[in-house]
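What follows is a pair of complexes built around chain A, which joins chain B in one and chain C in the other.
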Partner chain A sequence: MRLFRLVAGCLLIAAAGFAQAADAPVFDAAQTRRILSHGPWPPEMVADRSNRLSGRPEAIRLGAVLFGDTRLSGNGAISCQSCHQPQHGWSEARARSEGLQRLDRNAPGLLNARLQRWFGWDGANDSLWAASIRPILAHTEMGGSAAATAQLLRNDPPLACLARHVDPAAAAMEDADLLVLAAKAMAAFQETLVSPRTAFDDFRDALAASDRIAMTRYPAAAQRGLALFTGRGQCGTCHSGPNFSNGEFHDTGLPFFIGDAGQPPGTPRRVDPGRHGGIAQVKVNPFNLLGRYNDDPSSPAAIPIRHVVQLHRNWGEFKVPGLRNLIATAPYMHDGSKADLHAVIRHYSDLDEDRLHADGEAILKPLNLGDAEMADLLAFLESLSGPEDSAARYQALRAEAARVCP
Partner chain B sequence: MIRYSLFAILLLAAVPAQAQQQAQQLAQQPASILPLIDAHVHYSHDAWDNLPTADAIAILRRANLRKVLVSSSSDEGTQRLYQAAPDIIVPELRPYRRRGEIGSWFRDDSIITHMEARLAQYRYVGIGEFHLYGADADLPVPRRMVALARQYKLFLHAHSDGDAVERLFRHDPDTIILWAHSGFDRPDAVRALLKRYPNLWADLAFRNDHASGSKVDPAWRALFEEFPDRFMVGTDTFTPERWYYIEEHAKWSRAWLADLPAPLAERIAFRNAEALFARTGFRIDR
Partner chain C sequence: MRAVALSLALLLAPASVLACADLPVQARLVEGSHFRLVVLPDPMPIPLNAPFALDIKLCDARMAELPRLSAVDAWMPAHRHGMNYMPKLAKLDWGHYRAEGLLLHMPGEWEFVFDFAGPDKPERLSFRFDAQ
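And now, the complex of A and B:
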């Protein structure tokens, strides 16, 4: 009798699995390869050789404290955390950020930032630490300075203590060197912001192991969305790899005028030059990887900055964002112009080809998705998110810093 | 010829005072600034929605452009610019009534009526920029377009592959073609067509391979030297936002042109475009 129940139970489980699989897609060899390329997750932690503080616990601790310190700003009221809020995937709910002035772009989320090659929507920085300097010095954002940052690190007892743990010679450093030390500590902290494993990762690993039972736990709608993503949609061409980003810049037909929506026709506008402007900035940035602040000039990380040149196509291109834990980072796109994921999907479904050059982004075509397909794609995108505890770890680091250097 | 001369006189009379003043300012520019003709600009309906005509003209003048070859979807954009600044705008007729006809115009008989009506009403230097590839060039609409170009003494501004360019020449060996983007072809392929067709000219719009930064690529340099009288520069404002790139593009063009001997640089910068316009009888105001 017990054996009969066991066999019947197994049959029921198998039947349920097959019932779920019946409306799930079958992936061919090419699609399977593409799906597997989006993992494994999480990737191995590799230290940033341009940043001698990368991975060092005492630097991570200092970085976490500085990240939330409003005294880095000129008016003493704005910190990195003001726009990169933990509860929003280290982005924010506003479409366009507000520093000392209203800015032109949405604050990008910082989860998995360490996996990037270029930083910011326009890639105006080539390291996470240089990207951490930019908002401090920008007069439209935090409006701080090297001198003020250095003074804070020298004269504020807890910060001076934390900095001393990072580098005993910190207090004697030049202002610019102390600014770089602060930025490298903040980068070390941001490197720890990694999104968690998700339902997609479980499916991907089950697929790799040919574990059909485990595969059936991934909802059929998400599987159909994945089939669209890696198939007809060709989304994975740019949203590639474990972080779902090729790290490069593209024009997806999105308008890049700057200004509030609803302006009457004929109102003069400004445009965001995107990557074109970013290349110009990174080339002359004294904190780029060709400069003296790079702790390992022989690192391959410095190769891209040597070779990058402005191209016509870069005008209005923006970085391909990673897609992990994207639920938390709404609104979307470089200017926060898409309120939710449905609006993003609709953009690609109804893509205006006339906005793309005839010899430009050849893979971009209107997807003309039906309602069911949009729902499937949404289910897949949502499956790339999972509960994560970076906000709690951030608070724990700050509390630890207060204990070490009260 | 009489018709064009009369047309030019009427134009001069129609130049608004502001435009004349701006033209005078242009003439007073330092001699060190290389004159430039931008041979690839569009001002389509979404452009004029976001960029008023006066602002568009101001961008062109800030870029120190001597002339600008403009075509638009619809043609109304070109006419708006031309009326505002006939001293700088050189109009050509795009066979599109609106955006979205890039892939269908050559099978749409009503385009013929559209072209005929506009050509009867307005003056142009060419027909284009149009998109046409391969055997589509043999369809009735493109054939009629070639005939209209001959009738009105206009050049064709073709965004085409080499195959379509050759088919257009077969329809009328005397036609004149400005090959948009030099077909995005390699220097050797461009050379082959330039050798074969003396009436073929080429713009360099939206391509980067001929110069990196301010340095001219050796293969392209050889091609420029072999055909010094065929090339010209252009921005290609295929979206409204790209109007704001015109100044940047002009700066870049002047930078790489400075890497060439001055006589060759001047030809590519503006003399070739002037010569092309002159082939059509269109008067160039200096």
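And now, the complex of A and C:
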């Protein structure tokens, strides 16, 4: 009797699997190749050669402490964590960040940040450590300084102790060098923020292994959404690779003007230049990879800044965000103007072609999706998220630091 | 006489100009109206979304009439845009060039373009490549 029940149960499960597979799409060779290109996950951890502290446990520990330290800001009330909150995928729930002033953009999530080439929505930095310096010094964000950061690292006993573990000569460094050390430690910490494997990754690996039984465990709606993503939608053209981002910049038809509600009538509208401004900034940034703070000028990471050029079409372009664990990072887009993923999908479905650059991306067209297609695409996007424990690991690192250097 | 001059030119030409046989699988041989071009990517094969260089060698060109490579670029015809990066071109030897700093940031069909300033008129050679 038990054997009968077991066999019947297996048959039911198999039948359910085949029933699900029946309304799942069939991927052609080109789509299969594109799906496989979104993995494997997680990618191998490769140290950042421009950062001598990359991957070093004592630097990761110091970086985790500094990431949450409000004393890096001019008013002593703002830390990196104020806008990059662990519970929101290291982004935040508000549309536009609030530093010392209200900012023009949404705080980008930091999961998988180490896989990027350019940092920030406009790519105004070419390393994670330079991107960690920018908000500290920006008068609109944290309003700190190299001198104040250096003084904190020299004079605060726990921080001085942690910095000494990273570099015994830290206390004797110049202010700018100590600021860079702090930023490189924070970058070493942020490199550890990696999103987990997801239902999509299981499907992708099953597809690679031609394991049809394992493939049926991936919901049919997500499979149909994946077919749209890699097929008619051409989403994977920009959201490419294991992190679902090509790391470059595109104009996707969002309004040029910054929404400044509550301004008196007649107030000139402001425009966010996006990548156009980002290129201008990164070229003159003393902390870029062509400068003296790069620990390995021969690293391939320094090639892009040598060759990047400012083009007219860069105006209003913003970085293609990665899509892993995006559920946690709402609202969306560089200005946080889309409250949820449904609004993002609708944006691409109803794309305003008149707003796009004449010399921009020619394949960007309204997708004109039906309700069922939108639901499928949403199911696929949601399958790129999974439970992750970076917030707990962050707290553990900070607790460990308090034990090592009380 | 002309044949002797050509033979002498070929004999005197450096090895790089003549190295257009026994090419690796990833090399591309591009046919022009007066000469051929061999393009070797570095690294091989051409990566998607990562920097690479091109080693470019002329074949069949007589020394006295060697055309000069003036620009290398790549663009996506279906997307109507090019790369976000400007390659830097360096002449290594007679008929031998290297273009650094190329990056194909999207999958799909790219066209590589090589502009030559010849003794008579400019010539453009190209080939298409499916980046995946």
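Keep in mind that, in the parts below, the second predicted complex is superposed on the first by the 383 of 406 C-alpha atoms of A that agree within 3 Å, B and C clash if a C-alpha of one lies under 4 Å from a C-alpha of the other, contacts with A are read in each partner's own complex, and residues count from 1 in each chain.
To be clear about the criterion, a contact is a pair of C-beta atoms (placed from the backbone, for glycine too) under 8 Å apart; a residue touches a chain by one contact, two chains touch by 3 or more.
The structure presented is a predicted model; accordingly, all values stated were derived computationally and were not measured.
Applying the stated contact rule after C-alpha superposition, one finds that A:241 touches chain C and leaves chain B untouched.
In the superposed model, A:256 lies in contact with chain B only, and not with chain C. When the two complexes are overlaid on their common chain A, residue A:402 makes contact with neither chain B nor chain C. With both structures placed on the common chain, the touch criterion links A:372 to neither chain B nor chain C. By the touch criterion stated above, A:172 is placed in contact with neither chain B nor chain C. In the superposition on chain A, contact is made by A:34 with chain C only, not with chain B.
When the two complexes are overlaid on their common chain A, residue A:311 makes contact with chain B and with chain C alike. When both complexes are overlaid on chain A, the residue A:339 reaches neither chain B nor chain C. Once the two complexes are overlaid on the shared chain, A:209 sits clear of chain B and of chain C alike.
Shared interface residues of chain A (contacting chain B in one complex, chain C in the other): 309, 311, 313, 359. Of all residues in chain C, those touching chain A in their complex are 48-51, 78-81, 84-88, 100-101, 103, 105-108, 132. By the touch criterion stated above, chain A contacts chain B in their complex at residues 255-257, 265-271, 273, 276, 309-313, 315-316, 354-355, 357-359. Chain B contributes residues 49-52, 55, 99-100, 102, 131, 159, 181, 184, 206-208, 212-213, 236, 238-242, 244-245, 248-249, 252 to its touches with chain A in the complex.
Interface of chain A with chain C (complex): residues 33-34, 37, 236-238, 240-241, 246-249, 300, 303-304, 306-309, 311, 313, 359-363.
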